[in-house]
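This is the structure I want to talk about, given as structure tokens.
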Amino acid sequence: TSGPEKREVTVFAAASLKDAFTELEKSYEASHPGVDVRISFGGSSDLAQQIVNGAPADVFASASPSTMDTVAKADLIDGRAEVFAVNTLRIAVPQGNPKGIRTLADLTKPGTALVLCAPQVPCGAAAKQVAMAAKLTFKPVSEEPDVRSVLGKVAAKEADAGLVYVTDVLSAPGKVEGVDFPESADAVNEYPLALLKKTGQAQLAREFAELVRGQAGRDVLTRAGFGPP
Amino acid sequence: MTLPRLLWVPALLGFAVIVLPVIGLLDRVEWARLPALVTSDAALSALGLSMQTAAMSTLVCLLLGGPLAFVLARSDFRGLRVLRSLVLLPLVLPPVVGGLALLYLLGRNGFLGQLLGVQLPYTTAAVVLAQTFVAMPFLVVSLEGALRTAGERYEAVAATLGAGRWTVLRRVTIPLLLPGIGSGVVLAFARALGEFGATIAFAGSLQGTTRTLPLEIYLQRESDVDAAVALSLLLVVIAIVVIVVARPRAVEGLR
Amino acid sequence: MRAQFRLARGKFTLDVELAVEPGEVVAVLGPNGSGKSTLLNLIAGLLRPDTGHLSLDGRDLLGAPPHRRGIGLLAQEPLLFPHLSVLANVEFGPRAQYRADYRETALRWLDEVDARAFADRKPRQLSGGQAQRVALARALAADPELLLLDEPLTALDVDAAPAMRGLLRRVLRTRNRPAIMVTHDALDALVLADRVIVLDAGRIVEQGPTRTVLTRPRSPFAARIAGLNLVPGTTVDGGIRSSAGVFIAGRGSAGAGEDGVAVFSPAAVAVHRDNPHGSPRNALRVRLAGMEPHGDLIRLRAEDGLAADITPAAAAELELEPGQDVWFVVKATEVGVHAARGGVWGRD
Amino acid sequence: MTLPRLLWVPALLGFAVIVLPVIGLLDRVEWARLPALVTSDAALSALGLSMQTAAMSTLVCLLLGGPLAFVLARSDFRGLRVLRSLVLLPLVLPPVVGGLALLYLLGRNGFLGQLLGVQLPYTTAAVVLAQTFVAMPFLVVSLEGALRTAGERYEAVAATLGAGRWTVLRRVTIPLLLPGIGSGVVLAFARALGEFGATIAFAGSLQGTTRTLPLEIYLQRESDVDAAVALSLLLVVIAIVVIVVARPRAVEGLR
Amino acid sequence: MRAQFRLARGKFTLDVELAVEPGEVVAVLGPNGSGKSTLLNLIAGLLRPDTGHLSLDGRDLLGAPPHRRGIGLLAQEPLLFPHLSVLANVEFGPRAQYRADYRETALRWLDEVDARAFADRKPRQLSGGQAQRVALARALAADPELLLLDEPLTALDVDAAPAMRGLLRRVLRTRNRPAIMVTHDALDALVLADRVIVLDAGRIVEQGPTRTVLTRPRSPFAARIAGLNLVPGTTVDGGIRSSAGVFIAGRGSAGAGEDGVAVFSPAAVAVHRDNPHGSPRNALRVRLAGMEPHGDLIRLRAEDGLAADITPAAAAELELEPGQDVWFVVKATEVGVHAARGGVWGRD
């Protein structure tokens, strides 16, 4: 084939970054004509497994430091991973907040169907942390393996409340409302980003990372609900 | 009738596609940790729940899906083709969406949920229902195929001997169909046992009540991939054993 | 049973009307593809007619499903249930009708068809003739109101065929319930049936008492299958005594004192102007009523209805003409003496 | 042979279990947004990829799984029962673990991956392979059941007419088996079309290359559950249409 | 073909050894369950013997799969492929053997069995007899080295059976390849076979040239199925001229000038001390060689081998004794004249 060589940057990103990174992809491609950004979204641990097993990724944006560690241990990271965003917990309640939940303690009221993440996953670990900080014992009706399942239950009004991330609450306008609580500061979920070794596109990858970390990235991420590192 | 010898080439290839990855998996298992992993509280409770619910839902599939297959294969009315296609719905619906659908229907705000007034989500019954929903088409479709292949000559003979419809069903149709029923039950049981998406969306995940083995595996994977792999192997072994033991020779058919 | 059916299957159309009286046995004859099996399937309810009606003992049956009709069908193929043992196959009917004595019934019928030795076998372990016998036992064990038999004696060997024919005769007589039997063999009709129906191309081309149809067939097909001399009477030792009091020597399995019939082919009848006094036991003095060509033969018909087929050369040599008295000579070995359906024979 | 009328009760119940939830789903769809959603770039590209890969993997399943079913149903050797059970492995393995197994086998560090030296993961071929792995048992098991039900009398007749094994296969066995093959293909196609876990684990989720419709639906769910539901309905409609159109009347068998 | 098989199936054991010469047609007779179908299945390769061997034209066949044997089998059931049209069923054999003219071949055989009208039908749209004819056409169209026929003429009506018998005769003669045919009908053996094998309980109890077995059966079963008078000779108009030059009037379909045989039952032979000069065309002067009881009859045997069955009463009245000259009288209508397997008849 003729024409200029088609260049690609492959980004592996946590599924929760989907909207933000899709927007960043567009602006990157606008400023880099002839470059195609390909993003594979998925669960952070899946992505880490794939990278360890040879996935051709240039950039990895994970939703948890522990999955980034998996990749780091395999000695695949070029330089260091850096946190580029954080996500904090928020109480999600169905639209109109039928049970009138105002504080974290309200979640322990009898008759309140509470749904949490399981402690094995980051959002569950965070929930456990805030509970400890607030000296509360939650009695969830279900411990979901991912945060979207929690949100799904609340959005379907099948749960009276759930602990999810700020970004999740923003993604379901008109279905769930968020209730802030001060203890959320005790459990901040960090999103690290790393460049990977042995990529043919180190320069392009670096420029994408800079875009994410820079002001444009900041704006997009903030709109999606992420906090600054 | 012996088989064309060349047929063994694709057959072995097909077998390799199925078995090689699993062997690759075996290679990764940390055997030393295995005993502790599979005897953990969480694993055992998940395993027990899985067996119980999968057996239940297979039974429900058989009791409801069996008759459905008969109706689809043996009756003749307008719209039968459409009906037959609708049965495939759960097959193509992403399981999570299927679970959501169940939630919308039977949740406390759902149409039927309000009508019946029972709280189904977050209960073991919900797990069974979710599994039934996804597994039923497997039983129906494979049984229907077998019914069509078998034809109905013997049923006609039985009727002329004075056998009522139930007697014909019980003593002629079903025995002649055993191989097909066996296949259908195996498929449905396996699908129910492996069910994840619909369960999580409809029934949630609480240890001892709704957290089946696939859910436990999914969770484990977040923190420890190797543990998850080991647990899956447990699931596989158990399933195979159950199927081999529960599939009586009779099901292998009349040759 | 009264039935009237019309059914089009492709180019073939069946259009028949028939009645079978209680206790009557009707034989259906006809060429291949004339609609005999179709007719039985319609009666049994395995096929639905385009139009028609069907009643048995006054009950209207056309809307009833096969198992409610009380009609049993021994189909042209044995179709034994492959997953059941021979015994279970024969038990099937009685069990389906919740009869408590299904085991004894089945064993009895297996005995009757001489298949008890196979009771524990699976059908695929039987030979063709064995399977046919078991299928017969299965049909009989179900003991239906109306029994339909589609070529029940095919695939049977020279010993089994007469044995099964005898069994059917006994059964059909003692049951005193109607039956319809398809056959290609005039002997079956003769021994078993009161009445014969001849089908051709989906229509009844001839029907009547067995004796009439077999002796004076009007349709070409019946003529080819039959055309026999039948002399009814009472069986005696070594032959039969006709209603007119004439003794006819013959051979057969009928016991003495039964209603019976002596059967012999017109081709077996030798014609003499004088009594030849040879080995043949039967020399009957008759008056010739007519002579007609019959294929490439001449059929002589006597005033009492007996017929003789001789070659034109023989006819010429004997200078025969109607009104003449001649001797019809038949060897006893050529005369079959069969017990016939009692009573009914007198009808025509 | 008419069916016992009472059989309709469980049949209708079974049908309700399958169809009611989907109707509940229809109720929730925001029809106004549907056209835009369904015609979005991402949705269309995912849909195209899904159709293509599901068709491919169904074909592979047929070509490899068909022969495998024959071998399992028609040959007789020690260990056949074990083989038959092993075929069920992908059925019970959680799909994500199945994907991991493929990754371990064919990834850069995998045994076969190193041997073959090709980069399979993250290509469309990987999607096909993942789908084949999960869908194959459906074809094999239902076909095997049909083969057993059909028996081999006609094959023997064909052989005495001088037909070689291939001719028998092509002109007798396969045509007589069409209903069973039809069921198997439908099940395999549906399973491949709905495949999610193994694909995301083995092939990743790159738009246009490996992001099939179920993956797109999963992603959509991250930002908008309702959009995901709408997309699933698209998937369902497409699948049903494909199956209804592609299942010729012949497959419905000889009655 | 030479074959030797031993096969135990449950309580039944088949243990036979047989040879069929090139071009020879062998009829297998025997009671139901005697192992006839089992034998054919073994030869065709659908069953494997416990021990044995099989060769055809010197090729060892026991290890060969059925389709490599060049052996065709018309089984006891028609088993037409249900998914193929009648024409495609008959084309199956020629196509499987990659013959280019499969269409013409199939149509020709359909014509031969008078089934061309059904060419486009599916087997389920055929009657029993029609299916049997199509199955015969299918088996013949495959044109195997060795043809095995298991009761090929069952389920046929009175017109079709002789027509198919005639067809088989023509085919088997022109093919000049061996064939083995199972039948329950002596006439089939007579018309079609050079040699007869009688099976009973899995063993060959009798075998020999058709004429010998049918006229002088040694096994009880063969005696029941046959026991005929056969006079070989050359067919002439209206009968046959025996090798001894005697004309015997008879009826049949054979043209003049063929090798043929006149067949009549001993029961049809009347015995006279003097020539009776009646309608019977055939009066043969014979010298009595012996008299023996035959069932409840007396069988008279003449020095030239002809037999007559008469009742003891007749025998007593005629005061017969060996050495005496008597007239054996048979009506021409009782004598069947059949073309017989040419040449081979002279063998015994």
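Each chain gets a letter, A, B, C, D and E, in the order it is written, and its residues are counted from 1.
As a convention for this text, contacts are C-beta pairs under 8 Å (C-beta built on N, C-alpha and C of every residue); 3 or more make two chains touch, one makes a residue touch a chain.
This one's a predicted model, so the numbers in the text were calculated from it and none came from an experiment.
Peer 1: Common contacts of chain D and chain E?
Peer 2: Chains that touch both chain D and chain E, as defined above, do not exist here.
Peer 1: If I count C-beta pairs in contact for every pair of chains, which pair wins?
Peer 2: B-D
Peer 1: Just the number, please: Cα centre separation of chain A and chain D in whole Å.
Peer 2: Roughly 32 Å, centre to centre.
Peer 1: Indicate the whole-number Å distance between the mean C-alpha point of chain A and the mean C-alpha point of chain B.
Peer 2: Centre-to-centre distance between chain A and chain B: 34 Å.
Peer 1: As a quick test, compute the distance in whole Å between the mean CA positions of chain B and chain D.
Peer 2: Distance between chain centres, rounded to whole Å: 14 Å.
Peer 1: What is the distance, in whole Å, between the centres of chain B and chain E, each centre taken as the mean of its C-alpha atoms?
Peer 2: Result: the chain centres lie 59 Å from each other.
Peer 1: Which chain C residues touch at least two other chains?
Peer 2: Residues 65 of chain C each touch two or more of the other chains.
Peer 1: Quick check on chain B: which residues sit in contact with 2+ other chains?
Peer 2: Each of 2, 100, 104, 156, 159, 164-165, 168, 176, 218, 221, 225, 254 in chain B touches at least two other chains.
Peer 1: At least two other chains touched by the same residue of chain A: list those residues.
Peer 2: In chain A, 43, 49, 152 touch at least two other chains.
Peer 1: Which two-chain combinations qualify as touching?
Peer 2: A-B, A-D, B-C, B-D, C-E, D-E
Peer 1: Quick check: in the complex, which residue numbers of chain A touch chain D?
Peer 2: Chain A reaches chain D through residues 10, 12, 15-16, 18-19, 38-43, 46, 49-50, 53-56, 148, 151-152, 155, 171-172, 175.
Peer 1: For chain D, which residues are in contact with chain A within the complex?
Peer 2: These residues of chain D touch chain A: 96, 100, 103-104, 107-110, 113, 119, 121-122, 200-201, 204-207, 209-211, 218-219, 221-225.
Peer 1: Which residues of chain C touch chain B in the complex?
Peer 2: On the chain C side, the touching residues are 44-46, 65-67, 70-73, 75, 79, 81-84, 92-93, 95-97, 138-139, 142, 144, 148.
Peer 1: Which positions of chain B touch chain C when the two form their complex?
Peer 2: 153-154, 156-165, 167-168, 171-172, 175-176, 254
Peer 1: Help me check something: in the complex, which residues belonging to chain D touch chain B?
Peer 2: Counting only chain D, the residues touching chain B are 1-11, 13-15, 17-25, 27-28, 63-68, 70-71, 74-75, 81, 83, 85-98, 100-102, 104-105, 110-112, 129, 132-133, 136-138, 140-142, 144-146, 148-152, 155-156, 159, 164-166, 168-169, 176-177, 179-180, 182-184, 186-187, 190-191, 193-194, 196-197, 214, 217-218, 221, 225, 228-229, 232, 235-236, 239-240, 243-244, 252-255.
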